[in-house]
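Labels for the chains are A, B and C, by order of writing; each one numbers its residues from 1.
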């Protein structure tokens, strides 16, 4: 499947990427596609040098390749530093705009009288926008979304269907929230009596989300017990992530799918938590730290460190640990061998 | 609790299961129930031979047992190859049909003018069906669901409340999608600049789902960066599963709850990923392979293999690894013993 | 951010907590806040003795501290047994009531004619309440929720937006269900033929939820294959938890975020499953047992036990196991040393 939202001359693509074209640069490019799916008129890219055969056989009209690539292909060749990034760039030029509901407020949406809507706001069918909400200019609320009382959302937000945003949430500019995500549900907090019966602690804080944040489908972000749960600027959160009450996520951090972050933990700026990682409560993960997929963090992680395993430790230590475990059969043999030789010595002495 | 949607003579049940009845075969069976919950008029089954006492004491009027079972019971006995499967078969005869909204389109639903609806389609209250959608014959959209523009759904679909299906999705025949599932949300893809600031890569592909697929509650399936994310025919997906962009799931694969599959990974036909397993990106899992619960797959898995542990390895190796780890206290003792004997030898020599 | 829903004299707070005030007890307290965020008029608390500097510098007017605390602070001091619990108690006095939609039924909600609504029920905009539903006195259904046919809900329920409750569910009194949760979706059950093709087993049971239960955002609880899935009284379930068909959760159990519980497993009363734990099917977890975060339970857990690791084992054993693994480099050295000394002995003998 190729995507053809517009057409562009190959020479223009080469110019905009700061490279030249080896082949017919007057060719019109109509769309982009993967190397095996591409057809005539498409631009593709070499994601990995292992795909040399696919590059030779591709039906694409042009291909982005690394500067030093020297294999055969029938397509016109554009050499670039990073074909993947360059292809993403071209994809932005060709991508059709994200689907939006038509301008204005759908008559079936239920909008409180006192909402403050910026210019060119769109609200889809059967959405609910409660009292006191502010929605910034050019923000889009898709159908079937719920925005709770006194919530403020900046400019150019994109709120997808079935999203729930609870009361008093603060959301910055250019934030995207995918379907089914829940922002501002109560934190998980109870007092427990002598019989093990729990009583709910009121969760009277809020959630505050910065600018340029993207939040995946079915993500849950709890409001603070008091004060606020904070998602910094530029943070990207993948699907099905859990962020507990009073967590603070630093600017530009990346939280991959199915990660869970327990209450009051702080994640540093530019930190990356890979898929299915988990972090205990009241932990500090330093700026720029990386936790590998499935890492289970039980202690603070220093800035810039790369941690993995469970309980999480520096990745080098984890690698050594696994290497030692892999040597266990060998160690067992060595012990048996020592035992045998020692026995011979003992018998020789008697 | 027994389920009594109809009544059937025990002789007829025996006939349809290809067996005979030991006991009063003229007895009317009014419902089915678990061995401990059953009351008079119910059919039950022996799930496990350990439940001999429950079989003796059950109030059920009839019981499905393995062919070689020889314990006491007051119920009429039907011997079958696989009591569990036979009970499931009887359950299908007795099960009330799944609840459906009434025929037609509820007046509160918001349906674009140009949708194409097959015969006997039902659409529940407050659902949204956007422009260009095709819905096949006898498909059912429950209340509060959202179906995005240009999506095509085959015959006899069952779309439950709060489901979100985004634009351009392709769905086959007889597909069931449970409440809160999200199909076609954006893949998680960014380019990153020198300062660690990420820019969204447009996700311009689609999701394509085959025939006879069932998708659990709050599952998230991302659309492809370009091209398509594919769910094959007969695939069964449990609740809270994450399927990233450009993943391809082969026909009849089974994905159990809370599994996460990273971008561009391919899961073979008839493969099984058990609960909470995770798979890294760009991995190939062969046809018929099984990944045990919690398995964390970081390398390709051959067809037919049974992998477990993290990082995932052949299950036999994982078992050996754990056995070696369990021997560590013994090894420590052996080393101490060798040390002691060696010291005696050394002292003896001096 | 401080929360100021009311004002209370410090002497009254001290009285109600059964303590006295060291400082100006006539002071009006206007809100509560964390130790670093508090401003004049706020009450705060010392969560941890490490925060002595914050206690010295806080702008709060009063602080809850442990009885034996003896550091400097400018705030009035209230000594209590457990500052955290006492603060939660004060928070309950100051907390604004949870947001509720206005009294009555919003005209845009779609309510079947035969529903039975108790006194003072509130139903928000664009919610659907199907035929045969009972809603107890003072229950609140927020906007955009779906309550399926024949479901019964007790008094003072709080059902948040985007919740789905399927047909025939039974819910007790004072139950809170957070946004996006799904109650009563089909269990994951199939028979499989010789070609590996699966056929759905009807899931004709129900979900039954006790009194005083809280269920987090995007939790999924499947209906029983037959009979019922049971959530006992006082159970607290955090976000994104999966509870499979026919599971039984005992009274007052606590299930933390992202836990998965497989089919037919029984969790004892007052048991605690910490974050990201997983439990296989048909397991029994005894009363009061605790499974640590990430624990993967593959066998029964005795009452009162504390299990961790994967596969889960008594926590003491798991600690020993990890200690032995950490000793592996030392063991390797010991073996090399023995080898060397043994070789010397052997050479000495020849």
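Rule of thumb we're sticking to: a residue touches a chain if its C-beta (ideal position, glycine included) is under 8 Å from a C-beta of that chain, and two chains touch if they have at least 3 such contacts.
Since the model is a prediction, treat every value here as computed from it, not as a measurement.
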Numbering shared by both copies at the chain B-chain A contact, with half separating same from different: different
Equivalent-chain rotation between chain C and chain B, CA atoms, steps of 5 degrees: 120
Chain A and chain B: spacing of chain centres that average the CA atoms, whole Å: 25
Junction residues of chain C - those touching two or more other chains: 126, 144, 162, 180, 218, 240, 258, 325, 328, 331, 335, 338, 342, 345
Footprint of chain B on chain A - complex, ascending: 1-3, 32-34, 37, 85, 88-89, 91-92, 94-96, 98-99, 106, 108, 124-126, 142-144, 160-162, 176, 178-180, 214, 216-218, 234, 236, 238-240, 252, 254, 256-258, 270, 275-276, 288, 293-294, 325-326, 328-329, 331-332, 335, 338-339, 342, 345-346, 349
Residue numbers on chain C that touch chain B, as the complex places them: 110, 126, 128, 130, 144, 146, 148-149, 162-164, 166-167, 180, 182, 185-186, 188-191, 196-198, 200-202, 204-206, 218, 220, 222, 225-228, 240, 242, 244, 258, 260, 262, 278, 280, 296, 310, 320-321, 324-325, 327-328, 331, 334-335, 338, 341-342, 345, 348
